[in-house]
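Each structure below is given as structure tokens.
The following pair of complexes shares a single chain, subunit A, combined with subunit B in the former and subunit C in the latter.
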Partner chain A sequence: MVNDRGQLYTIEGIAASMIMLFTTFLVLNATTVYTPGDSHISDMQLEQIGTDSLRMMNMQENGSAGTNPLIAGTSPLQDMVDNLPVVNGAIAPAPDAFDPTNAFNVTFTNYVDNKTGSETDNLHYTASVTYYDIANKTTGSLLLSANRNLSGVEHPVRVTEWVIAYRPVPGDVTLTEPRVVLVEVLLWRD
Partner chain B sequence: MARLSDDAQWIVMMGFVVSFSFFFLAMILNQSTVVGQTSAESVLDFPKNDIRDVRSVIIQSTSLVPVNITAAHGLILQNDIETISLMRKNAIVTYSVEWPAPPVTETFVNIHYNNGVTAYNETWQSL
Partner chain C sequence: MRTKRNDAGNLSIDFLVGFTIFMVTFIYVATLIPSLFLNLQGYSIDYNAVAYRTGVILVEDPGMPYNPPWESLPVSYEGNILRFGLALSDGTTTIPNVLSTVKINQFFCSTWVYPDDYESRALFGSYPYHFNISLQTAGSNVTRSVGEVLPENYGYSRRVVKVKEESYATIGPDTGSWHPDYRTDDYNVTTHLFTIFLNYTALSENGPYYNNPAYQINPISPMGEGIMVNLTDLENTTDTVYDAAHGIPPPLINLTDIQVERSVMVYNGYGYSPSNKGFTPVQGSYELYIDGNSTAYSFTPTTPPLNITSNVSLVINPFTLNSWGSQGINPSGKITALNITLQFELSHGDGFLNSTQSQPYGAFDYNYDPANVTQPALQDGVMEVAVW
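On to the complex of A and B.
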């Protein structure tokens, strides 16, 4: 038999069920799953510190004459590229790339691992020099320095810095004049 | 079922008001988990450092001519910059240099950068 008694209880029941459903929705929605796609915030910090470090390394040291005979005052990063061994008339991968005393390793890790407090950070990187091979019309890369091999499971960011190098690169047609190369660093934290 | 009574209407209504205010607060709290995500994405997407770097190296290589290298070798540097930008950074970079021609004593460099999303154009003028 239909009557209109209990209307307030009905409304209360509907409201309560909506409240419970909405609560479930909020609770499930608030669960944060940290997927690789959500790592933009730490990526941005890594990219910023890496770029800043490379830029600091590419600043001419004040009053220094540098090793380049053409221009007074090269940056430490230019010197590191220029100090790569010359094999068959062109620069070759650094033989001491994984040596902790490698000049790039010392300066770069000093910059990127520096943080407030007594403990230093422990970032990993692989640095290479990309050049344009005029003879073969292609780009190539030479290992400059690294403190860890990329195994493929890391999630690195890439930071780069343009450098004018005063050593011939592979496929070079002139052996005395500078070339523009790109120092690329893959930087990651694990 | 109990007989309908309208004695406690205020209590029921205040119950609703309080619970809905809790939900409002919960929704605000819910939003806080993604704070920083959008802004970090924007920073990563915008090639600020790429543009500053390529601009810097273009001006640097231009300033080597003609004292340290010839204008012809300047074109090799230009080819290096444009090719490596395209191959390694997916950006089209072109530039052209207007050398000083009397009575003009300044060098002008027209720089163009485009990575498909962000375009940057500049005419740089030497002192």
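On to the complex of A and C.
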């Protein structure tokens, strides 16, 4: 005698297994969640490289005189900041042909992209110099250099270095006192 | 009478089949669950943290012990080395990211066994990590490394550094430290004493940039830096210049003796000068490189005269300099000075090698004057630490 009364459990078992397999399939194909715990590592590595690079740029290369025409014994970063042409005419561009924007670009990208093997990294940055304008009691900022403009979709990290500037910055009331300015770099990877 | 059938004690085939299908699928799905959490496990975070920590230890720390520095300890004392660190330090100030050449050489030295020696002194973990530490300086395509070949995924830390190179002096006929009349007959002598003068206090206390250790020529422990003096073009600077066409042979220049003497410097009312007790001889080791030969020559006072054709380089390693100056600046305000004298005998007399007309104390002053000594330079470099 054939009847279908005895197949109910089988159908139920098959249905349950289908549901389980389908659920597993859905979960396995779901987008991997990029947790904050993972993203901070690459941010930290970028910050580390950027901070190291600025610190090394702000260090004199040897015990002899530096390249700054004004002050002997300055670091490359100081030379760049000191020779930055100021747009509002407070100081004239440096008398020599030293191009601080290009110099920063060459030196900084060399530092942040350099690796021990033959391959190099490819990082992007924008760098600016922030100073306090004593005369107007405001904070001003000058673009130092950039190898790509920020469009807003990047996820940059910010690294900074305090630099002693020997040339006056805009708003300085005296022309003789060295000043501290902040070199600020936004650094990101594609 | 009707027979009563009772199947309550039996499982139907239907149930068995259905339950089996369910269980097989359930077990299969259960085995997939661990792989669901593959992306969430923390190993990559841990590896990155260990790489970061190792990078910081190597680049920002001078190591332990730091005075006398770990790199100066002989192999038999390697158990005393608790931590590797490559940062430059003069004992009070450590310059992060500026690495000592001596420490780097010792760190990548074949004395150490990968991975055990490095794991216990640089990585510090109970987990048996695999790692690779590499260092490359600018202008060099040679990468110094220790460890294994990198796998596909690893924790990573990259540090931008500077490597402090040692100072050296190259002295040829154009160097101003010679007496200007060296070719005149007045200096026609055959025995020549060339003396190098090291004023330990001036070197360790009056360095450039507020005595920043990164720019010092510091012979006092724990800085550990050597010096090198190259005497060049000896054959072209004698009165009788080598001329094969006219049958004039090259001058015969023999190095006959090297003496190292130490004195204390005392204040004489005008400045510091060697005490009236004079210089006392000290023993130590140094290396000689003759005529561009890359193999060091071991010279002792009992060695027969050493013939030199063109040039001689005297290399004094940092630990020898440390031990010669180990009295350093002594409590009574006296300071150490060192005279290293090379004695040459020439077949033709002339005045070239004779430095006794130089100032001060008739010696070549190894100091912070760039005209005398090529100052220690900081070379760009990059260090990578990979851990997996």
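Just so it is clear, the second predicted complex is superposed on the first by the 132 of 190 C-alpha atoms of A that agree within 3 Å, B and C clash if a C-alpha of one lies under 4 Å from a C-alpha of the other, contacts with A are read in each partner's own complex, and residues count from 1 in each chain.
In the analysis below, a contact is a pair of C-beta atoms (placed from the backbone, for glycine too) under 8 Å apart; a residue touches a chain by one contact, two chains touch by 3 or more.
It should be emphasised that the depicted structure is a prediction, and the values quoted were computed from it without experimental measurement.
K.L.:
What is the contact status of A:Ile41 with respect to subunit B (first) and subunit C (second): first, second, both, or neither?
P.N.:
So A:Ile41 meets both subunit B and subunit C here.
K.L.:
Please indicate which partner A:Leu28 is in contact with in the superposed arrangement: first for subunit B, second for subunit C, both, or neither.
P.N.:
Second partner only, subunit C.
K.L.:
Considering only touches as defined above, state whether A:Asp190 meets subunit B (first), subunit C (second), both or neither.
P.N.:
So A:Asp190 meets neither subunit B nor subunit C here.
K.L.:
Looking at the overlay, what does A:Asp99 touch: subunit B (first), subunit C (second), both, or neither?
P.N.:
A:Asp99 contacts neither subunit B nor subunit C.
K.L.:
Figure out whether A:Pro178 sits in contact with subunit B (first) or subunit C (second), or with both, or with neither.
P.N.:
A:Pro178 sits against subunit B, while subunit C stays out of touch.
K.L.:
Let me test your reading of the model: by the given contact rule, A:Gln7 touches which partner, first (subunit B), second (subunit C), both or neither?
P.N.:
After superposing on A, A:Gln7 lies in contact with both subunit B and subunit C.
K.L.:
Going by the contact definition given at the top, which residues of subunit A touch subunit B in one complex and subunit C in the other?
P.N.:
6-9, 12, 23, 32, 38, 41, 44, 48
K.L.:
Sort out for me which residues of subunit B touch subunit A in the complex.
P.N.:
Of all residues in subunit B, those touching subunit A are 1-4, 6, 9, 12, 16, 19, 23, 26-27, 29-30, 33, 36-37, 40-41, 43-44, 49-50, 53-54, 56-57, 60-61, 64, 68-69, 73, 76-77, 79-81, 83-84, 87-89.
K.L.:
Would you mind writing out the residues of subunit A in touch with subunit C in their complex?
P.N.:
Checking each residue of subunit A against subunit C gives 6-14, 16-17, 20-21, 23-24, 27-28, 32-33, 35, 37-38, 41, 44-45, 48-49, 52-53, 55-56, 59-64, 73, 110-112, 114-118.
K.L.:
Quick check: in the complex, which residue numbers of subunit A touch subunit B?
P.N.:
Those residues of subunit A that touch subunit B are 5-9, 12, 15, 19, 22-23, 26, 29-30, 32, 38, 40-41, 43-44, 47-48, 51, 70-71, 130-132, 134, 139, 159-164, 173-174, 177-182, 184.
K.L.:
Can you list the subunit C residues touching subunit A in their complex?
P.N.:
Interface residues on subunit C, with respect to subunit A: 12-15, 17-22, 24-26, 28-29, 32, 35-36, 39-40, 42, 44-45, 48, 52, 55, 96-98, 134-136, 138, 141, 143, 145, 156-162, 207-209, 214-215, 368, 370, 375-378, 380, 382-384.
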